[in-house]
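You will see two complexes here that share subunit A, one where it goes with subunit B and one where it goes with subunit C.
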Partner chain A sequence: MRRVWLLALRDLRLEVRDRAGVLSVLAFFGVMLFVMALALGPEEAPLRRAAPGVLWVALAFMSTLLATRAFALEVEENTLDDLLLTPGGKEWVYLGKLLFQLLLLLPLSALALLLSAGLFYLPLARAPALLLTLALGVLGYASVATFYAGLLARLRGREVLLPLLLFSLVVPVVLASVRATVGLAEGLPLEEVAPWWQLLLVFDLVYITASALLFPLVLEG
Partner chain B sequence: MLLRLEAVSKRFGQDWVFRDLSLSLKRGEVVALLGPNGSGKTTLLRLMAGLLKPTRGRVVRQGRALFLPNPPAFHRRLTAREHLLFDLGFHGVAGDWEAALTRFALPPDLPLAAFSSGMKKRLALARLLLLRPDLWLLDEPETALDQEGRKLLLEVLEEARRDAGVVLATHDRALAEAVADRAVGLGAA
Partner chain C sequence: MLKTQTPSRPDALTWVFLGLGLLLLPLGLYLALAAPPDVNQGYLVRIMYLHVPTAWVGYLAFFVTFLYSLLYLFRQDPRHDRVALASAEIGLVFMGLALVTGMLWARPTWGVYWTWEPRLTTTAILFAVYLGYFLLRGAIEDPELRRKAAAAVGVLGFLNVPISYMSVKWWRSLHQTQSIDLTTGRIHMDPAMLQALLFNLLVFTLLYLGFTRFRAMVAALEEAKEEA
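For the complex of A and B:
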């Protein structure tokens, strides 16, 4: 676990010093929310209805951008080989890159939730349940995005290929996340939302385990 | 035996880089790879490191291998201190990074973006010395080094051979003659 933290914190330090990645994610995210709010508003009903969808589209794109960024840090500086020559399993590289994204994505998700509440009338009365949904959904999405970003890291056109490969596999995660968010926004009892959380948890565990096991193979030259 | 290549061949597309190459390396040995540009020295080092797979043949490696590319690869937004601390932690090795930076005359807190090519090469050597791999794979380690840096390189290679094996690719025949126990020539396949 020490290696995972070391890699994640080093990447976070690089990202904070560079700022380009986080700023582009924030710019995309802000523009998207404001354009959608302007297009669907000002009446409350259509904005509230669209809120879960808009929130998850924004989070999905943010996660995809950050996953590409996680490996671009290594490819730009030609440092991926150093990580691959570290003794022991290569799954640490995958888990470190995943943790790096989560350290950025989770605060950004909370910010997205606040902005969605402000612009789209998403009710925050059940904020803890919404945050749980965001955490489970983002974890599932980022686990697959990290895997594919690593697979495509050395290929030209990776920015085009990543969404094409990724979106087909993360449909269950996005679907469950959106349905859980809609249920919470509509005030459904937690017992009716809980099955979506269970589904997300299962997908998260399966995706993380499978990705960590397969990751060393995709990095071999 | 630290490293054994058994009839190794490598092809990119239709072009063979080299064919049926066999080589072995023991602890305490230094082997120089000589050859013109494009003869496959870097490819061979990457095969030895396990970063590439041979098209044919087998590479058997024992112990920990580290590869020093040319130019060395570092994150330019990190400082030398941050780089070495990360490497030591990530490799699970204990080492005196402060003494290493002092010995190689490198500033600990300057971002690597401000380092010259020679300073980066010195840092790469300091890193290898701290991480103490069993197998040192060096791609043109003399490039960009000044007189003092070259002296340090010779010292480092002498220290490395005490408990490790070294393969270095170089165009510098004088360096190869000074440090290598034997040389392997690579040419067109």
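For the complex of A and C:
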């Protein structure tokens, strides 16, 4: 458990010191929202309708950009093998990277929520419920993204391959998150949104467990 | 039943599966055309005798890929990987056929070839996942890494299959619910139609077994050539 935290915090510190990565991702997100807002017109109604979809598509792109960074430094500096040389199980490498991604993604996605609330009239009245959706969705996304980033870490052309593999696998997560967000934005009672949360939770648990179990098998010989 | 040694030509069991499947295919077609028309859909229902078996083979094939991918990850035996590859390829073809027959049926029934309802969407996603499986295989040159990465996709990608299967019930969508419900064991179908459908399911399963064994053998030959 301590190793997981150490790895996550180390990566987080490197990422924050570097700044370029996080800032470019945030800028990308902003530009994307602006383009969407321009394309969908100045009237309020279409923007309001599009808000949940735009938010999640933008979030998906953003997390894909970040996912390549999970293992990029390790490969550049040839430290991945050192990590794998540590005694004991290797699940913690995956969990640490996942935690790092989450620590990075959660604040960013909260910011993204604020941005889309400002530009797309997404009502923030039920912020706690929205944040829960956000957390569950981002967790599901990051669990698969981290796994694939590790799998493809040593591969040339991973930047092209990663989104392709990722998007097809996480569509269920995005689907459930969008439905939950739509429900919240339209003011449905919580009982009607809850099934989507359940589905998201099941996804998250299954993906994380499966990824953590498969990760050591895939990374070493 | 699917594992093959590394022979240079198909063994007897492969020929039995393939021969039986190809021989019984016309009979299945006859049964499908002889079955009574549906109360609501009329003669259009006959597409079902192709649609359901192809979709079934697609799901079955992806399940086999899942199983052999897991086996490969634990045992590291290239034979398991070859079966997973063969099964995924056959599954992709049959899933594509299921999508096409479904579209042909949807046009006169719903008025459109394609609509974004849950069953169709999840099936399209499934199709995309296994397309990704082959793109990944093509992109990695190191054979061992390729096998491992593909196995990981084969395992994780399969998580979508139960979702696709259950989507009709969970979302109560436009798509017909299952006529043979595997989760409750109930059957909503006329016996004459059921007979024809079950027969076609059997024929397609035989064909699947034959094709997969054949493809796995071809994969073994390819690998032998790659190494030489």
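Before moving on, here are some points about what is shown:
Here, the second predicted complex is superposed on the first by the 220 of 221 C-alpha atoms of A that agree within 3 Å, B and C clash if a C-alpha of one lies under 4 Å from a C-alpha of the other, contacts with A are read in each partner's own complex, and residues count from 1 in each chain.
The rule is short, and it goes like this: a contact is a pair of C-beta atoms (placed from the backbone, for glycine too) under 8 Å apart; a residue touches a chain by one contact, two chains touch by 3 or more.
Note that the structure is predicted; figures quoted are calculated from it, not measured.
With subunit A as the common reference, the superposed partners subunit B and subunit C fit together side by side. Contacts of A:168 after superposition on the shared chain: subunit C is touched, whereas subunit B is not. In the superposed three-chain arrangement, the CA centre of subunit A forms the vertex of an angle with the CA centres of subunit B and subunit C, and that angle is 90 degrees when rounded to a multiple of 10. Contact with subunit B, but none with subunit C, is seen for A:10 once the two complexes are overlaid on the shared chain.
Residue contacts after overlaying the shared chain place A:57 against neither subunit B nor subunit C. In the superposition on chain A, no contact is made by A:131 with either subunit B or subunit C.
When the two structures are aligned on the shared chain, A:188 is found in touch with neither subunit B nor subunit C.
Contact with subunit B, but none with subunit C, is seen for A:73 once the two complexes are overlaid on the shared chain. Of the two partner chains, subunit B is the only one touched by A:18; subunit C is not. By the touch criterion stated above, A:81 is placed in contact with subunit B alone, subunit C being left untouched. The overlay of the two complexes leaves subunit B and subunit C separated by a minimum Cα distance of 7 Å. Overlap of the subunit B and subunit C interfaces on subunit A comprises residues 221.
In the complex of the two chains, the subunit A residues touching subunit B come out as 2-3, 6-7, 10, 13-14, 17-18, 73, 77-79, 81-87, 220-221.
Contact residues of subunit A toward subunit C in the complex are 144, 147, 151-152, 154-155, 157, 161, 164-165, 167-169, 171-172, 175, 206-207, 210-211, 214, 217-218, 221. Those residues of subunit B that touch subunit A in the complex are listed here as 46, 49-53, 64-67, 69, 73-78, 82, 86-87, 89-92.
Those residues of subunit C that touch subunit A in the shared complex are 73-74, 76, 121-122, 125, 128-129, 131-132, 135-136, 139-140, 144-145, 148-149, 151-153, 155-157, 159-160, 163.
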